[in-house]
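Next up: some structures, all given as structure tokens.
You will see two complexes here that share chain A, one where it goes with chain B and one where it goes with chain C.
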Partner chain A sequence: MTDIIQVSIFGLLLGGVYALFASGLTLAFGVMRIVNLSHAVFIVAAAYVAYFAFEELGIDPLLSVLYLMPLFFLLGVGVYMTFFIRIEGSPRYVEMTVLLTFGLAIMTEGLLGWRFTGIFRQAKPSYLTDAFFIGDFLVPTGQFYAAVLSLVLLSGLWGFLRFTRTGYGIRATMQNRSAAQLVGVNVRRVSAISYGISAAFAGASGALMSYLFPFFPFRHWQWIALLLALVVLGGMGSLKGAVVGALVLGVASSLVVDQIGPGWGPMAFYAALFGILLVRPQGLFGKELAA
Partner chain B sequence: MIEDRAAAGEIEPDVVEAVTAPKGPGKSRWAVAAVLLLGLLLLPLGRPFLDSYNYTILLVTNGLMWVALASSWNILGGYSGYISLGHAVFLGVGGYVAAVPLYYHGVSPFLTALVGGLAAVVLGLAVGLITLRTRGPAFIISTIALLFMFLLLVENFDYLGGTAGLPLPVVDLPQDWLKAPFFYAMLIAAVGSILLSYRVAHSKFGLGLRAIAEDETKAEVAGVPTRLYKIVAFALSAFWVGVAGAIWGYSLSFVRPSLFFTVAISAQMVLMAIIGGRGTVAGPVIGAALIVAVNEFSLTQFGSSEINIVISGALLVTVLLFFPLGIVGTLRAKRWLPAFLDWD
Partner chain C sequence: MALLEVRNVNAGYGKGPDILKGLSLSVEAGKSYCIIGPNGAGKSTLLKVISGLLQPRAGEVALRDTPFHRARPDQVLAAGICFVPQDQAVFPEMSVRENLTIGAYLEKDRSVIKERMERVFEQFPILAERASQDGGKLSGGQQQMLALGRALMIDPEILMLDEPSLGLAPQIAEQIFATIRDLESLGITIIMVEQNAVRGLELADWGVVLDLGIVRFEGPAETILDDPRIRELYLGKTVDSGSGS
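Moving on, here comes the complex of A and B:
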């Protein structure tokens, strides 16, 4: 029993980080109906920045969040203005976003591979191997910091969406794009900002990835598969769903690793994806989607 | 009759034109196809005359495989608009279904290739039943997950050789003729997939798929059994990919999970079909030929596969933004499409 609690603690810490990784993905889908296959490659790109900032300049990966978020916000707005503006209102729009972000992901992956080669990287700050005890239970310090930071950022996002004027606009657009436009929301501006926020969260996620998970350019495919699976589990476009899905799968995959063996963790994600599509295709918190 | 209704404003003018326009010179298409096929059939006989015979036949065999893959992908992704990013899974399934009897019992993949294709179809049906019940992006996501799920399973299954895969024996033929059987097998796969694509395009089923791509709700209201059609399209689009996988593994003399179950292969299929023109019969064929040539060029020029990946991604983005109809679709829209490329 204590064993299961211990594994669940690991799982919850991991789940918090997954929630941060997936938040930008679900935001982009919720607001703009963009299925962003390039989200994970952005995370990996940010991880490279944080990694080299740590290796070359000694900047702690957690501090890298401070400049990665604004940097990736601008990058995200730039990407939105360059690519997504052009396909607005095009027929078969969702399909188009999938293909476009697929191309962007391939391109970015190639650039990263060309620049940084395919070798595994991992930043190793001092707290990576530290741990402390709460009662009888072990808490790894690095993962604890990451989970706390994720919690802070996700609360910030929630507060922003809940209490600011731009946040109202974003939520209105999520609920009904044309109605939002009718009541005077500048939908295009809202979309650009949302994509920027989505990318900023990818930037923050990259800072955490740089020391939590060994990475190399090609890895992003595996990540996008996992993140999309948990977003579908939670219900596409639902932030609450993404957080709950992330926590559930964090714990579930930790239990799978504990019971079956290392390397089998992703199976929890895939099983959850096909399972939820079988019993409740719209996901835990999703609305029935129109195509 | 139709002109009267058009005059009354019931039918759009371009529809009238499409219906009443004289059909293109259909014979020339078949003549071109026959000449091309004959040339390909005779290619291995050119061995004594071609200095670069080995290189040529490898390249053409490779090209034929990609024609089979891209044409197959197009049956679902082109006609119905449901993008599969995990189609490489069928290549892997076909490859392994043929590799196991060869490795353990010495059964030739040339005999089991069709079984590999059928296995892919069965997988497509099973997965389609789960993931195509809904509309929209969940299917796309599940195809990526499916690919990684199979990668994980095969890598951890000792009977299939784990991450190292299975080494396969070389065909028992004189050195000079070693490549010919693979060439002919891939030719069959390529022609088979083009014929399948053509048959689908010219059937009521294909019409239903196009209706789904346009507007699934309207298609359903109009009586198209959308769910059934999508699942059947997914399964059909798996068949020749599975067959090609069986042949490909044998020709490489090994199967390995990291080579078969990879997004890179799916990405190439998508790229070829889109550049050529998705939803057309000739598009994926042209796209495959073009991309194989581009890959060959960039590999010899830059020697690094990373640059090749960048080029692939950049091509996909550029085509989507500026020529979303692809080569065949864009040419047709401008009425520049030569008749021998018009198979729709």
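Moving on, here comes the complex of A and C:
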């Protein structure tokens, strides 16, 4: 039993980080119906910035969040205004976002590979190998910091969506785009801001990735598959679903790794994905799919 | 000068044929209009064009002689024209209070928002009782009240209602009609498409009959109601059965 609790603690810490990674992906789909296959490559790009800021300038990866979020927000707004605004009226908008973000992912991966090669990187701040005990249970310091930061950022996002005027506009657009327009929401502006926030969260996720997970350019395909699995599990476009899906899968994959073996961890994600698609295709917190 | 003018508008969806075919309509301030006509006549399409949800292919829409037919829906709303569509008008995962708050999205003065919300709660006490409940969990009639209440949060000059009584129990529909009458007495210009054409015309000052994308007849609502030709062509079923147009 103690083992299971210990593994579950690892899983929850991991799930908290996954929730941050997935939040931007689900926000982009919820507000703009963008299936953003380039989300993970943005995370990897941010991880490179945080990695070199640590290696060259000694800036702690956790502090990198402070500049990566605004930087990636602007980048996201720029990407939205440059690419997505042009296909807004297309009857095949969702399909086109898949192709567009696929192209963006390939292009960014190529640039990263050309600039940084395919060598694995990982920042190694002092707390990476530290740990502390809560009762009988071991808590890795680096993962704990990452989970706490994720919690803070996700709470901030929740508060922003809940209590600010722009947040109201974003939520309204997520729930009913045309009705949002009719109450005065400029959905184009709200969409650009949402894509910026989505990218800002990719930036913050990259800061955490830089020291938690070894990375190289091609790695983003593994990440996007995993993130899509947990976003589908939670319900595409549902922030609450992304958080719950991430925590559930974080714990589930940790238990699978502990009980069966490390190679089987990712399988937990896809098994859960197939399972949920069979019994509840709209995901845990998603809306019913239109016929 | 007319408050709102629709001039020779052609409009349709995607690559489909024109639904509105050179439609013209003039709306005067403070009057209420009921638009009737068979299915496919272009009634809802006309409201979508005025609201900015659909761009006309030709012609123009002008408010106080200023064309605005290229404006976005939020800009149309800011100009004082509010549209309540016939379905899916409510934000299902927002509470009643949040639905009303976002109705005043363009209003920045919190005290004004609070005052208007109190007025809506007086108008629809059931919404005050359900203030914390999600919009999507209300009954159809309550959702329609919420949609109407939300429209009042912006204090519109022109209120456009698409089938406000659609799918409602007669008692609830009467409550909605009573509210519309209250709004008329406040001087709000109302343009309404109503499936219960007789009831809609009884409420309105002016009747407009649309057919095949153009205005076939228009005139004082009483005259339209009493015109035997129109009764036979467009109100027949309604007069006989009391529902549908």
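The rule is simple: the second predicted complex is superposed on the first by the 288 of 291 C-alpha atoms of A that agree within 3 Å, B and C clash if a C-alpha of one lies under 4 Å from a C-alpha of the other, contacts with A are read in each partner's own complex, and residues count from 1 in each chain.
Simple rule for what comes next: a contact is a pair of C-beta atoms (placed from the backbone, for glycine too) under 8 Å apart; a residue touches a chain by one contact, two chains touch by 3 or more.
Quick caveat, the model's predicted, so the values are computed rather than measured.
With the two structures aligned on chain A, chain B fits next to chain C without clashing. Contact with chain C, but none with chain B, is seen for A:G169 once the two complexes are overlaid on the shared chain. Put simply, if you stand at the Cα centre of chain A and look at the Cα centres of chain B and chain C, the angle between them is 90 degrees to the nearest 10.
In the superposition on chain A, contact of A:Q6 is made with neither chain B nor chain C. Of the two partners, chain B and chain C, it is B that touches more residues of chain A. In the superposition on chain A, A:V35 makes contact with chain B only, not with chain C. Legend: residue contacts after superposition of the two complexes on their common chain; A:Q122 is shown touching neither chain B nor chain C. Of the two partner chains, chain B is the only one that A:V94 touches; chain C does not reach it. Contact with chain C, but none with chain B, is seen for A:Q181 once the two complexes are overlaid on the shared chain.
Distance between chain B and chain C in the overlay is 8 Å (nearest C-alpha pair, rounded to whole angstrom).
Within chain A, the residues touched by chain B in the first complex and by chain C in the second are 91.
Touching chain C in their complex are the following residues of chain A: 91, 165, 168-169, 171-172, 175-176, 178-188.
If you check the complex, the residues on chain B that touch chain A are 81, 83, 85, 130-131, 133-138, 140-142, 144-149, 152, 156, 213-214, 216-217, 263, 267, 270, 274, 304, 306-317, 320-321, 324.
If you check the complex, the residues on chain A that touch chain B are 29, 35, 37, 83, 86-87, 90-92, 94-96, 98-100, 102-111, 113-114, 221-222, 224-225, 228-229, 231-232, 236, 263-264, 266-267, 269-270, 273-274, 277-278, 281-282, 289-291. On the side of chain C, the complex with chain A involves touching residues 14, 51-53, 72-74, 77-78, 82-85, 88-94, 98, 101-103, 105-106, 108, 150, 154.
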